[in-house]
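Each of the two complexes below includes subunit A, the first together with subunit B, the second together with subunit C.
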Partner chain A sequence: MSMLSGKWWKQSLVGSALLLAILLAIVAIVALAGSTTDMRILMVFLINVIAAISLQTYAGNSGNISFGHVGFMALGAYGSALFTADPAIKAIGIPDAPAFIREAQISFLPAMLIGTVIAVAVAAAIGRVFVRLSGAAAAVATLGFMVIVYTLLSNAEQLTRGSKAFSGIPEYTTLGWCVALLALTIVVARLLRDSNTGLGLRACADDPIAGQAAGVDILNSRYVMWVASAAGAAIAGALYAHYIGAILPKAFHFELTFVLVTMVIVGGRSITGAVAGAALITILTEVLRRLENGFSIGSINLSEAPGLTTAVLALMIVATLTIRPQGLVSRWEIEELLQRWQLRQKPQASARTEENHA
Partner chain B sequence: MQLAFQQFINALSLGSIYALVALGVAILFSILRLANFAHGELMTTAGFTLYMTLASGWNWVLAVIAAIAASVVAALILERVAYRRLRNAQPLTLLMTSFAVSVALQSIFLLTFGARPKGIELPAFVDASFRIGGMRVQWLDIAIILITAAIVFGLTLFLRKTVIGLALRSAADDFQTTRLMGVKANALFVGAFVLSGMLAGIAALFYFATVPNVVPSSGFEPMLKGFIACVIGGLGSLPAAIVGGFLLAFLEVGSDALLSDNFSPYLDAIVFLIAIVILRWRPGGIFGVRLTAEQRV
Partner chain C sequence: MHLQANDVVMKFKGVTALDGVDMELRKGEIVGLIGPNGSGKTTFLNVLSGVFTPTNGNFRMGDRQWSKVSLREAARLGIRRTFQNIRLFPSFTVMETVEVASAWLDKGDRRENARIALDALNFGQYRDRIASELSYGMQRRLEIARAIAGRLEFLLVDEPTAGLNHGESQDIVEVLQRIRDQRGCGIVLIDHDLNVIMNVCDRVIVLAEGKIISSGTPQQVRSDPKVIAAYLGS
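Up next, the complex of A and B:
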């Protein structure tokens, strides 16, 4: 850590800039050379990266997984969608909703803020329960939370049209919004991770007794990360709603939970890991989808086989975890990975020069 | 009064199913520290076996045996293919693997059987009922309660009185020392998975007798309920899992009876919320079982 700078936040900013530079390069390549489909995949990828980094802010620092963040995404999505959709559409779709929602039509940023505030309020209210749990109990309880949000949304027909799609959401989400909010998420996540709170919490994830003995308030630190990560997830949810234009509770259920948690676990325990995991999962999904459309094995037409992509993806994840249980980048951030790579190069270089002398 | 009695029987029968699922989950967790999210898919395996065998005209006794066998075999395959290599992995990696296995199995079911619900042709006696003092009681509920009681009794005897049971209990306490005493680790894994698979199969029989159709994602709901039962009882303890299962069922039936019909779609949300409130005060579950150093926070 001292190699780059004594001030911890400088390293966070350098790391964020490096990560952002790589992502911007990907964006530039796809924007210049990609088709319309590629652009759609890129947008979903960027939104997923925001969600994955947010989840990582809780999971990577606390060592606890959360299966509940998709619930926060749903709250952000519905919160933002309800206040932006055309009142004429809402008069038909949700005629029984309160007037202040039915007649509201505000712009993107305040609507997103409303969605985020709702998610943060819920996270703050229930967070104290989840930060006290760990391991499998935490996973199960947060999964329960996700099901609570899903049940509420798919039955509150007056407000959300229940399990039917809530459509007519203005498509505000542009590449610019995605990149700007992604940059914000990365910087905030890195600052939180490298701050005293994040450092102490990560120490406690490795050794809770030593960490607490050194004065880390594990519950409060986890609570901070929990609430912050809920905010990030809600922003990703709002971006998603305003990108697709129609949302339904089923979109924020088991499948998305699986995709997000996989990105975080396969990637490793850092912000860079969340990005790497998101990239790997997106690439795998797209390759499988294209194989599915392009090939047929014998008489079996693979494009008529729903579930095959998911099955292969899940099996590949099992394989990845078996081969590399610590995740793609383990616990390292991008600038640390570069340092380690340089250090690995140096001894070889010096060894080679000695050989030349001899 | 009559209604209350009927609700009581309902809750006992539902609680028996939850308790069986929770037991299956708790056995793997207590012995191997593995939270097996694919437990629900073991139940779905039994459900599809039941559907196929009954649809092709098998005798129901054979179908029941086939369903339980299918779920045990599935459990053994999972152990061999997915979990054996990960014995020394991080708990989080294990958790994630079981989640991925669960998704993979669901997709394979979708691929094989399609998304449409498959109606299980239950034998007629499932609907039979009798009357006591004006109340209608289903024989099925009585059978579920009695068989579950017998299974819990049998399992207790097995764990307390046999050498295999002793080995499993000591592994739950200290896996390494148990190995040093000459018990093969693989044998422990296989034993735990066979027990868990059997419990999943039996729980699936009862579950699909009450909800007689099966879809690829059928196992998710009972699995989640079983896990929540384990967590509010106290993860890692078998008696706590049973108590948690019955508590969850009584909460569910009780909320349904007390609240107006407007709330019944929200039942799951209400029950889970109560469970979360319980966890707020007792993070280790009601029995607050002894936690290992890494878990004690």
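Up next, the complex of A and C:
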């Protein structure tokens, strides 16, 4: 009770710490007991969590879903990759690229910053138009943005090798980087969500007229979240590029968009929801991927089941939207869930005590 | 401080909802706005609070004058309102509902300010409840709590007792009087229950077909033949 009635930012930090503690526990278990494959799944999971939280920073606060954030991931990935890849490989792969790119070989952090700045600049430039849209129009416009980024990257052969893989990216992404940037993402996302801007924007997502009558500046609030979420997505993109070591435009297209949107919709409207959704979808995807290679239930033997993962994810979205449209954890953050659970236990506990006395 | 509306006209595709309304509202005064259905009461509130931009006319408050204002700007000027059909934030708790207004229209700790506004309306133990799960009467009161958090010069209340029983209506009336006394704001009250209007209002303004047909103390208005004709249609 005391925690939730104190200063809002204290609650944000407590919530961030709880969420991070759970994620660190998962990391520790996998790092100690998991196989090499498990570690790879964990790394991709951590990167996806950063991406999902970033998407949630816009979608969860504004109430507008975005299919475009994978575009920002792509900008972050290519932005960072271009300035870090081995110049010898770039001389062969993209001989016509400008010299300052071809000859550049800078370290991870500045390169990631370049990728992030590019994504933020693009988000800031197009954001003023995007934040005026809501509902289906907003969703379709963001989808258009994702397709535009994909098309540009696929055709900018001088810079990206077009639709071919851009390889030779140094594998800088370590578990330490992932955890550190995840911690940063969680804290920043929670502070943004709980700030006056985030609170006002979430109110407007519920009722824009009432929100504005309470003084909320809906367009500027959306803009702040849009730009901030683009930065987070770009960081996830850069981590991804430097983990896999080779990227191609197709990696940042419908498939990844679908996975991220599923995570956010299934999870709920909070940062905790994005993490829960990412965890659930990652586990599910891994189980299904194994089943895709063939499985048997009783007398039914299936040698191969390609597309099973996508089909099940699609069903998850449909099921969520029909059965529990607010998502797994609804609008709540982890510390709020704990507090509400405690409050529900209390009356039962006191009732039991009274029974005992009787 | 006065809030002055000058020659306010509001037309919707040829339908004139407000036809040259002049009105002066004073702080510390509760003004009742009555009239038959479609007379322009809610439209006037919507224009005053920035939901609609009037076709013509302007407003003046203190040394500020404007003809066009957004909902948000009106709120920042201290012109606050509730809605005829309750508009809360369905997923928000009671506390968060009021925190939004404290955050955007008040200085200082938003939670502390929200708590003060809620305590003033006896919401103490309901703070963590979801707004949309409250009883209808409580939702009406919560809308008022949100509207008084932060700067408050004039409070526009649209049908606050609609759908409430006698006790709940009485409760709302007392809340409004207390807010006026404690905050010194002006209140504009639209209500279909003429008993409520006659009991609580210092002054009553009667609208019919977008025009003011009468104004004065409740006693004066009640005995005005034009008002009787407008209501009874004879």
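Annotations
Throughout what follows, the second predicted complex is superposed on the first by the 340 of 358 C-alpha atoms of A that agree within 3 Å, B and C clash if a C-alpha of one lies under 4 Å from a C-alpha of the other, contacts with A are read in each partner's own complex, and residues count from 1 in each chain.
Note that in this section a contact is a pair of C-beta atoms (placed from the backbone, for glycine too) under 8 Å apart; a residue touches a chain by one contact, two chains touch by 3 or more.
For clarity, every value in this text was computed on a predicted model and none was experimentally measured.
After overlaying the two complexes on the shared chain, residue contacts for A:K7 are found with subunit C alone; subunit B is out of touch. Touch criterion met: A:A136 reaches subunit B, while subunit C stays clear of it.
Legend: residue contacts after superposition of the two complexes on their common chain; A:G307 is shown touching subunit B, with no touch to subunit C. Subunit A has more of its residues touched by B than by the other of subunit B and subunit C. Of the two partner chains, subunit B is the only one that A:L315 touches; subunit C does not reach it.
In the superposed model, A:I209 makes contact with both subunit B and subunit C. Of the two partner chains placed by superposition, only subunit C is touched by A:R331; subunit B is not.
Comparing the two interfaces of subunit A, the one with subunit B and the one with subunit C have residues 209, 218, 326 in common.
Touching subunit C in their complex are the following residues of subunit A: 4-8, 196, 199-200, 202-203, 206-207, 209-218, 269, 326, 330-331, 340, 343. The residues of subunit A lying in touch with subunit B in their complex are 63, 65, 126, 128-129, 132-137, 139-141, 143-145, 147-148, 151-152, 155, 204, 208-209, 218-219, 254, 258, 261-262, 265, 305-311, 314-315, 317-318, 321-322, 325-326. Of all the residues in subunit B, the ones that touch subunit A in their complex are 29, 35, 82, 85-86, 89-93, 95-97, 99-101, 103-104, 106-111, 115, 216-217, 220, 224, 227-228, 230-231, 235, 265-266, 268-269, 272-273, 275-277, 279-280, 283, 285, 293-297.
Interface residues of subunit C, counted against subunit A in their complex, comprise 49, 51, 70-72, 74-76, 80-81, 83, 87-92, 95-97, 99-101, 103-105, 109-111, 115, 127-128, 146-147, 149-150.
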